[in-house]
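After this come two complexes, each holding chain A, first together with chain B and then together with chain C.
What follows is the complex of A and B.
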């Protein structure tokens, strides 16, 4: 379908406005992070006297680096664990029929529909009972099961050509070997897409870390940068520098894996 | 190399019987083709032999040993799939050597076996390419190469030529047959293409509705089809079927002398029919109107209206009669095929 000229103009205008709505806050954050304190509340978008002072201040703060480490460590372990368990669960759902197959899968789908906030209190109590409060375990373990990832991966496994499973089996590959050496290498786009979503979701999470962390031992960067926003004094320059730095890993993962998704989609065809 | 036996194999998918009482003995080194229309159970039978589908009943023997419950990966059978099923993320070399790597053979041995198999298929220059960088014919050769590198006891082919164009298919037919003869490996080949079946097989197995209709050497099956299904399935154009009550020129006397009165249906191969001149007097005559002429060069196929049905006659390419004219077709008694009420061949 080819849109008329006027509809094309309308469409592009809407897209442009949406882009501005998304990019403007980010631009303000980045610009403010380079402003000296006397310019922070000025409306001019570009700093008149740009400075790296805010970044120096943030990097000089040992706690900020600890928050960064906590975020990076818990995110990598959590996303890795989520992908690992989701792959195994989805593979089982896609390849074998076993007693209770449909019931268990319905339970997985049901778990997707329960709001996270509803399960937070029982999980919080469980975490407290296990003495995991203010530890990395509290941030990682309760979030390892990811029904959404299971559902998406199961769909990908189901659409995987049956002949490749058969060929692997005839070549002497058991279910494990077939999964690691044949199936997963061909599902890199799906894994990359799911990793992007899970990584950003985990990296940006605020509410759960706020509940279960208390000290530098486990506080993540999203919680930690609040220290620049005290009741009696707010260092907006440092805060914006912290926010900018906190955004970089998520952006890096997104761009790195997005390219991988595109490369694999363009470069491969599953049919041999 | 080993013999293969199907002993009363059945396969049901829910209430549907995909394969019924399938029994077949395949000799060591024999090339057997399972042929039949879509849904006749030929691929299911092959998958049961491969170990990719468990049978609902019956037994499979390989080299005299019952392998019914043996997992596919332990059967030492190689299979070439319809879409080749090459691993897209691996190079040709990795595809071919994958099975050997899984057996944890020494690297030198893997390299030697891979190089030997690649040389047999002329793939030496393609070894570092990925499947997506190959043409259809090259992928098919890689799939065959992957099968032979394992030195299996039996080869299984599941319509491996169906994705190739006609010219390439003809070349690949010859190549696969020559390779099989060279290696002497027992081979079961599934196809719906009767040309492949007729040209490649030592024996063909015609299947329909999950059951074996006839087993025999290609020319025997062609010359003496066991029933109406085989008669119409094997041969192109199909055998003409005529009711014995039709006017066969010499009248009922002619039909009677052909033993046709006891038959429920008579069959005539298109190439058994000849275009008659005014004075020719064959055993049987079919008179009708010429409706269509397919001049194919080497041969001409006539479509003749006869007693309300279309009779096909295959004649030499030099014969080009005029459409719309009355014509007389004749044949000999011995070219007549007779079938009973149940569609079975009458004369054994």
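What follows is the complex of A and C.
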């Protein structure tokens, strides 16, 4: 559809303003991260005397590296677990009909309708009773079930040609071997996109780590950034460098598979 | 046919018997699905369904999160206290404002952007990617950055208005009339690109030949939008509406916690943040659980509305 000339001018102008509103704060943050302390509060956007000092400071801070390590470790383990359990579940639903099939499928999808804030108090108490407070387990285990991933993966499994299952079984492969050797290698793009969405969701999470982390034993980068604020942190150049570094992993994985990730995001109901 | 093994498996019984008990069970269609399902069912039972039900029980008790302290049964006392509590009243009122303001900002505003990007075809991809970027950045980062930008002492936004227009901007986050709007604008900034993407997914299903046909009949842009695009986009609009209402409640938790902590004077807290305040700041578990139940009833009402709307849509298509 081609709009008339006047609507095109209006459209481009307004959307460029929106893009500006989106990109400006990001540009200011990145520019500030290269400014020396005396320039941080100046309006001039480009640093007059660009420096890497802020980044050196951030990397010299042991706590910051520990926050990054906690975020990276818990995110990888949690997303790995989420994908693993979602694959098993989706495979069971796609491969077999069994008594209670529809009821159990409804129970799995129904869990999507129960948002985290309705279950947090008992889970918090459970975590405390298990003595998991301020550990990696507390961040990982309660979040391993991802019904939306089950839903999306099942769609992909159902579209998988049944002949290939049968061929695999003809060759003596059980369902387990068929899953890992035949099905998953053919679904790599879909798996990658779901993994990236889960990664971004987990990396950016704030609420749950806020409840169950206490020290550097488990505090993630998002909690760490907040902690700098609480400590009356005045070195804004370094803070902006830290914020930039904390945002890079999510942006990087997104740009690896941009188009597919956007489609998966739409299907996920996860909004940053 | 002499082979009497389970359907769906083409492995011969002779071959099967050579495998171990575990391998046989794991490929027997009577048991195999349950082995694959077990971990997920266990996880959902322990971390979704049990806590969900347990919250109702906790809402009838009194406890302060101290393990040495017994949990006492209190009946509906918590609900009584909740209704009379000023924080609950403020949170309910603010939740209504968050939702009412989110409809024009997050539900309607993305539509013209999405339609414009859609009209550009492939050329709109760059716009689409740029407006999507805020979805990828954590709300902690967004909040911290804007806290710094809005700082009345030398923050870039107040300095900009001071130097360019000569306006004096005080601390908008400490002002009871502006704080909630700062949070609303930030949450719009964060989610608008995502909602544009959902609308684009809805627009893709509109057959472009209809548009061409209307054009042939001399329809102008606005008429095409009013008579064709808007009606066909209605299901997507309802979808975005329901999700925005449900989602706004959780989404604004992070900016509330980092920018205002529910203040000033409880003007930015919402039902979710209130539950957090009751449970983890004043350690009143019973009151927090009662607040959670009220929040659940609210979300349930919206979900039922969604079911009704979707039903109507199905009827409409028939």
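By definition in this document, the second predicted complex is superposed on the first by the 228 of 272 C-alpha atoms of A that agree within 3 Å, B and C clash if a C-alpha of one lies under 4 Å from a C-alpha of the other, contacts with A are read in each partner's own complex, and residues count from 1 in each chain.
Following the convention adopted for this analysis, contacts are C-beta pairs under 8 Å (C-beta built on N, C-alpha and C of every residue); 3 or more make two chains touch, one makes a residue touch a chain.
Worth saying up front: this structure is predicted, and the values here are computed from it rather than measured.
*Asks:* Output check: A:182 vs chain B and chain C. Expected answer is one of first, second, both, neither. What do you get?
*Replies:* first
*Asks:* With both complexes superposed on chain A, which partner does A:113 reach: first (chain B), second (chain C), both or neither?
*Replies:* second
*Asks:* Mind telling me which of the two, chain B or chain C, contacts the most residues of chain A?
*Replies:* Of chain B and chain C, the partner in contact with more residues of chain A is C.
*Asks:* Who does A:142 touch here: chain B (first), chain C (second), both, or neither?
*Replies:* It touches chain C, and chain B stays clear.
*Asks:* Which of the two partners, first being chain B and second being chain C, lies in contact with A:169: first, second, both, or neither?
*Replies:* After superposition on chain A, A:169 lies in contact with both partners, chain B and chain C.
*Asks:* Mind working out whether A:161 is in touch with chain B, chain C, both or neither, as first, second, both or neither?
*Replies:* A:161: touches chain B, not chain C.
*Asks:* Using the superposition on A, tell me which residues of chain A are in contact with chain B and, in the other complex, with chain C.
*Replies:* On chain A, the overlap between the chain B and chain C contacts is residues 166, 169-170, 172, 174, 269, 271-272.
*Asks:* For chain A, which residues count as touching chain C in their complex?
*Replies:* Residues 1-4, 7, 11, 14-15, 18-19, 21-23, 25-26, 28-29, 41, 43, 85-86, 88-89, 91-92, 95-96, 98, 104, 107-108, 111, 113-126, 128-129, 141-145, 147, 150, 166, 169-170, 172, 174-176, 200, 203-207, 210-211, 222, 225-226, 229, 236, 239-240, 243, 246-247, 250-251, 254, 258, 262-263, 265-266, 269, 271-272 of chain A touch chain C in their complex.
*Asks:* Looking at the complex, which residues from chain A come into contact with chain B?
*Replies:* Within the complex, chain A contacts chain B at residues 161, 163-164, 166-174, 177, 181-182, 185-186, 267-272.
*Asks:* Across the complex, what residues on chain C touch chain A?
*Replies:* 8-11, 15, 23, 26-27, 29-30, 32-34, 36-37, 39-41, 43-44, 46-52, 54-55, 58, 65, 67, 112-113, 116-119, 127-142, 144-149, 154, 156, 159-160, 163, 189-194, 197-198, 201, 208, 211-212, 220-221, 224, 243, 246-247, 249-251, 253-254, 257-258, 272, 275, 279-280, 285, 288-289, 292, 295-296, 299, 303
*Asks:* Name, in rising order, each residue of chain B that touches chain A in their complex.
*Replies:* It comes out as residues 47, 50-52, 71-73, 77-79, 81-89, 95, 98-99, 102-103, 131-132, 139, 142-143, 146, 150.
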